[in-house]
Amino acid sequence: MHSADRVAFAERFALVRDASLALTRSLNAEDQCVQAMPDASPTKWHLAHTSWFFETLVLQPYARGYRCFDARFALLFNSYYESLGPRHPRPLRGLLTRPTLAEVHAYRAAVDLAMADLLRECPAQDFALAAPLIELGLQHEQQHQELMLTDILHLFSLNPLLPAVFDTPAARRSTPPAAGWIEHHGGDVAIGHAGAGFAFDNETPRHTVRLLPFELANRLVTNGEYQRFIDDGGYAHAALWLSDGWAAVQAHGWHSPLHWLPDGREFTLRGAQPRDSEEPVRHLSFFEAAAYAEWAGARLPTEFEWEAAVTGASPPAQAFGLAWQWTRSSYDPYPRFRPAAGAVSEYNGKFMVGQIVLRGSSVATPAGHARATYRNFFPPAARWQFSGLRLARDL
Amino acid sequence: MHSADRVAFAERFALVRDASLALTRSLNAEDQCVQAMPDASPTKWHLAHTSWFFETLVLQPYARGYRCFDARFALLFNSYYESLGPRHPRPLRGLLTRPTLAEVHAYRAAVDLAMADLLRECPAQDFALAAPLIELGLQHEQQHQELMLTDILHLFSLNPLLPAVFDTPAARRSTPPAAGWIEHHGGDVAIGHAGAGFAFDNETPRHTVRLLPFELANRLVTNGEYQRFIDDGGYAHAALWLSDGWAAVQAHGWHSPLHWLPDGREFTLRGAQPRDSEEPVRHLSFFEAAAYAEWAGARLPTEFEWEAAVTGASPPAQAFGLAWQWTRSSYDPYPRFRPAAGAVSEYNGKFMVGQIVLRGSSVATPAGHARATYRNFFPPAARWQFSGLRLARDL
Amino acid sequence: MHSADRVAFAERFALVRDASLALTRSLNAEDQCVQAMPDASPTKWHLAHTSWFFETLVLQPYARGYRCFDARFALLFNSYYESLGPRHPRPLRGLLTRPTLAEVHAYRAAVDLAMADLLRECPAQDFALAAPLIELGLQHEQQHQELMLTDILHLFSLNPLLPAVFDTPAARRSTPPAAGWIEHHGGDVAIGHAGAGFAFDNETPRHTVRLLPFELANRLVTNGEYQRFIDDGGYAHAALWLSDGWAAVQAHGWHSPLHWLPDGREFTLRGAQPRDSEEPVRHLSFFEAAAYAEWAGARLPTEFEWEAAVTGASPPAQAFGLAWQWTRSSYDPYPRFRPAAGAVSEYNGKFMVGQIVLRGSSVATPAGHARATYRNFFPPAARWQFSGLRLARDL
Amino acid sequence: MHSADRVAFAERFALVRDASLALTRSLNAEDQCVQAMPDASPTKWHLAHTSWFFETLVLQPYARGYRCFDARFALLFNSYYESLGPRHPRPLRGLLTRPTLAEVHAYRAAVDLAMADLLRECPAQDFALAAPLIELGLQHEQQHQELMLTDILHLFSLNPLLPAVFDTPAARRSTPPAAGWIEHHGGDVAIGHAGAGFAFDNETPRHTVRLLPFELANRLVTNGEYQRFIDDGGYAHAALWLSDGWAAVQAHGWHSPLHWLPDGREFTLRGAQPRDSEEPVRHLSFFEAAAYAEWAGARLPTEFEWEAAVTGASPPAQAFGLAWQWTRSSYDPYPRFRPAAGAVSEYNGKFMVGQIVLRGSSVATPAGHARATYRNFFPPAARWQFSGLRLARDL
């Protein structure tokens, strides 16, 4: 890497790291400490964990003379890396009132300082080894930026005062396109990442998949359309649902997307807001997405169909930036998938069971983080993400 | 159907139905009533449910003048058909001391008698409609024959007296082949059922899948091989496990396959028996199968690789009749999958999430029930089936 | 003990033991095997456990040359005696399809035979030691006779077929007395058992309790009276309830006594029957009894008030034989209480926390088993016993 | 009340209220927000709830023109008063990152200001009605001061960093007296509160209880003595335990008092500290206290024995200020107990089931809050209070 590249890399490093803190600007220390469910983490924990990632995987092996900020943080802020030692149990992350938010800020600052030094001064041969891990760390940080928003939204939704994360008005949306279908003739398509840009290991290797002809909706299902599913008794009609989905509806009393309020509004990062019938429906589980598709006489696309259409000649509208889109694909490894080497081998591969692939990106995804081969994944009952759907049909 | 065919069909009907009762010969009424976990059902319930299937889907629509044996049985013996009305909750099946076993036997006899009449006398145009449902009912009955054995084995395994289901000695096994690999060159392969014979809807439609070159173990992993995995600390080494698998190991304290006894024996349908190191290992979860494969430097085959190899020119040994084989494929619908019409649309399709495909068949599978396109499926933590594994590797 | 006394003792032994079997006459083997909740035990288990009690505490120490019927039964049929070795877990009693009911009957017969020999031939000095344990065993058997009925009633209540334990009509009830109050002037009263007759250790020692003047209802609260409590919104009015009681109402959705059917009938040992408004209300938890009393402007009597009134000059009607009566007394030890010696020290004392005392006896209590000093006890949320209430007021 | 009395009352009001804040001085906002178990509440919630008590029960009825600080707080800070409207669920108190700690401080300040006005200016006839509620509010605040300490200790104990609430060294303890017994001749004793000073309703009415002669240990059981119980296998010897206690030992893996650290230290309000063998043992459940007494060949005193001894001619040492002392008395109502009138009728009476009485007071009890008739109560498995024991024996 040329020194000019290093400068650019360092600038990007600083931008991504600062973006995490920017998201917390309106949150007080209490907001950033509490955990409302085991699936979600406190903001403070996200801030510390992403720093621990750089400290553990980059600074400790590659920064000469780096002294660990606090040896006890390895226990507290390791998320799930078995190879990196014992961990504080995930459901107890919210009990960590200490270290304080101020101490976590100091931790971030110390890590950032040491990273700036390393980005500037690290010998070339070390840098060649460290750079992919730094890049992974930045992508990782961006993933946590989205989780910080979904997690705080979930926490605030459980507070009767319905606080807002952001007090600025939402950007005005453009009108969605009229509903329509985009045809794809099927055939052999190349799926997965190849080439120079960054991709997670789970997007590789690129391989051929045989598709049958299909068509994909040109836009996402809207709140208004989903409301008609509800009005038509969608949540009360077992035949529309997968068996586990119907069990979830009954066990949890689901009757609308998460964060829809009884008064017709929805709970958002800007607090309770009127629900826009033209906005994409969000905060659906896979089960709800699949039931809606059944009701609509359609189906969910496979992740291969989605990728083929989005990278094809006539990509559908609303592919990125609005809502993650549940697919009809379980999160299985691609043929000849190999996890990345080292501790980060645990990054993706060990979660390849019991999850469903989502494609696209959402309103909460950081700019520059989305791409057509990206495989997001969550369990089929998860609803606290910005998750919606797009329809598909056989041709 | 010619009348000669009808006679043959009726004979087969009687054979399959009698085979269910034959499995219960050594079981008393108490054995057949109790339910040890929600996943398993009492023998008596299996006997009644399979009869309810014929009564509801065949006799009521097609047997002129048929009078329902007991109208209350619809509630008690419907398994999961939402479209056929309310059901007694699955976890409470073991509380049904009434109807008694004798009454269930009478129910079976009445259904069999009415079915014999129908098979003989039903008008041709009705028979054309009924025949596929009767065939499905027989295949369904055979599936429950295997479940009767796995469920009673599980129940008996929890009794400190360790009772035996069968008191006859097991058939002598032939020595398994020496371990080896069978190559497959990959390429486009046709997957799924087509043609005249019976298949479940989930095996269709037949479609093309592109495979990369691979090799498949010529036989199943044995008890002796699995013991070496245990001896090598397999159950204590997180890096071998999927994340959910490792959580299951810790939550349940797994340290060997289900039904392995601390004294070195295993619990079988013939009671506690010496464990044969050359027999295929059984009663593994998907998680254990995947961890073993990782430890062995291999992987599980996909269901497509399995089917391609078994239907290929050099099929591997031990494909059927020993143990169901976990694959690395989630149970997703085939392209353009359509559930069967009517109530039986609920037979397979609604379970296509959260499950893993197993291929082959086991010691408990009735003769004639196995085929290369068969897709068995269970959740990844299920261990009470006769489930083992076969290794695969990339070429 | 004179030989004539021994003959009488042996006759009583046989009568009590036969009475247990008589209760099972209409039950098939399936009915007697199943366990519907951890609090309840299968009929077969009761039959075996009461035999194990005699075998372990009487035959093994005192019957010369007695050979244990089956050494494995010690594990299976020990209820809760820590000093007598390990036990099969209580919630798994219903999995014991083996030993079969027939084998348990044989066990009972063998124990009875050996007990008959012992009662006839045991040397006097041994008999002096054994007799109190035999007496305890008979009282214990009678306690289980009542539990056999409450447990089977509970099991059958969960069967949609609503089977009957007894097919004979219930005895006609005499009209209850008009509601009224019986005054007691209070003062020092002697509470607890003393003298020659049998009593459990928890009824001793007899001691003085100072009472304030009070009055006790002359009869039990009836179904009709309790219906008025329901009609008046008793189950929806938090102020009537103890805090834990209100939590139980909401957690379990209680809205009537257990075994009241939605159609206005009640489920009884004789199946679903019309509900008699003049019968004592039964199958109440302590929480419901206390809420009713609050609603009625009264309270529950303490166990001391109950005993003083029943042993006083004007005992109230309906003291015994209709329903156990919840008192406002926690089940604490009497002053200077000492558990019986030996293994039977675990009989009562170790349960003296978290339970509420009930006094009187019920329709299911064997004849001769009731007395004024008897302290029955159950947790405050228990409803499957024949438990009702009687009101008290301060004077 | 004379104006001089009012001044004194106002001064005491300010002192008690300030004492609550003083306890939080070393805690940051995060520490004060988090809830580690449903039984415990966040510090911030305690601060707000005690203010809500005065606002709701005193200011709203008696302070002319008082304007509610925030109408939404009634939902958030009502603890358990069903008559005062709906409540935020107890287990979710820790999710209330808003209102912030600063807002709660403002709430306290506003309530204190309005209370100061009321204490100064309220008309005499109103003051006569308000004064008992103010007094109750202060006693209530003091109870929460103790809970603030036990709850934060519990929260901090779950943080691997083992933070300290107080950084000042503990006061030096005087050596406990040598172990000895104090005799009481029994007989009729007067139990409960009467007279002018404050007492909770559950301490009344004063009534006569007949005691048998007994003796009471002159001091509490020490850490050193309890260690000998552990060393002697106390936690492994079922015969020492009540049945529910033994079940708790096994379910929770108890093997020492709560807050004893594996390294021989104990976790305290001052962080991990050496364990003083002469200090009273604390953080015991009732079950452990009772098992220790059994092991020691003694028993727990009844609450009546405790009160009689402490109010007698030769009161035992260490009655107050060290550890609450489990008694062998269930928390039942005294004869003719009547709850206080109005909303505060829910203060004590509705908890009178399933709890055990503790007597004395602890290191965490505010000065002036203890008295001989005080009835503290907790469920028998509770260990997070400063709870120890004193032995008793029959004479």
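Chains here go by letter, A, B, C and D, matching the order in which they are written, and residues are numbered from 1 within each.
The rule is short, and it goes like this: a contact is a pair of C-beta atoms (placed from the backbone, for glycine too) under 8 Å apart; a residue touches a chain by one contact, two chains touch by 3 or more.
This one's a predicted model, so the numbers in the text were calculated from it and none came from an experiment.
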Common contacts of chain B and chain D, by label, are A, C
Determine whether chain B and chain C, two copies of the same sequence, contact each other through the same residue numbers or different ones, counting it as same when over half of the numbers at the interface appear on both sides.
-> same
Once you find the CA centre of chain C and the CA centre of chain D, what distance in Å lies between them?
-> 37
Measure off the straight-line distance from the CA centroid of chain A to the CA centroid of chain C, and report it in whole Å.
-> 59
Chain B-chain C separation of Cα centroids, rounded to whole Å = 46
Chain D touches at least 2 other chains through residues none
Where do chains touch, given as pairs?
-> A-B, A-D, B-C, C-D
Interface with chain D, chain A side, in the complex: residues 28-34, 36, 44, 72, 75-76, 88, 92, 94-101, 155, 158-161, 163
Listed in rising order, the residues of chain B that touch chain A in the complex are 80, 82-83, 188, 207-212, 238-239, 241-246, 286-287, 290, 302, 328-333, 335-336, 346, 350-354, 356, 380, 394
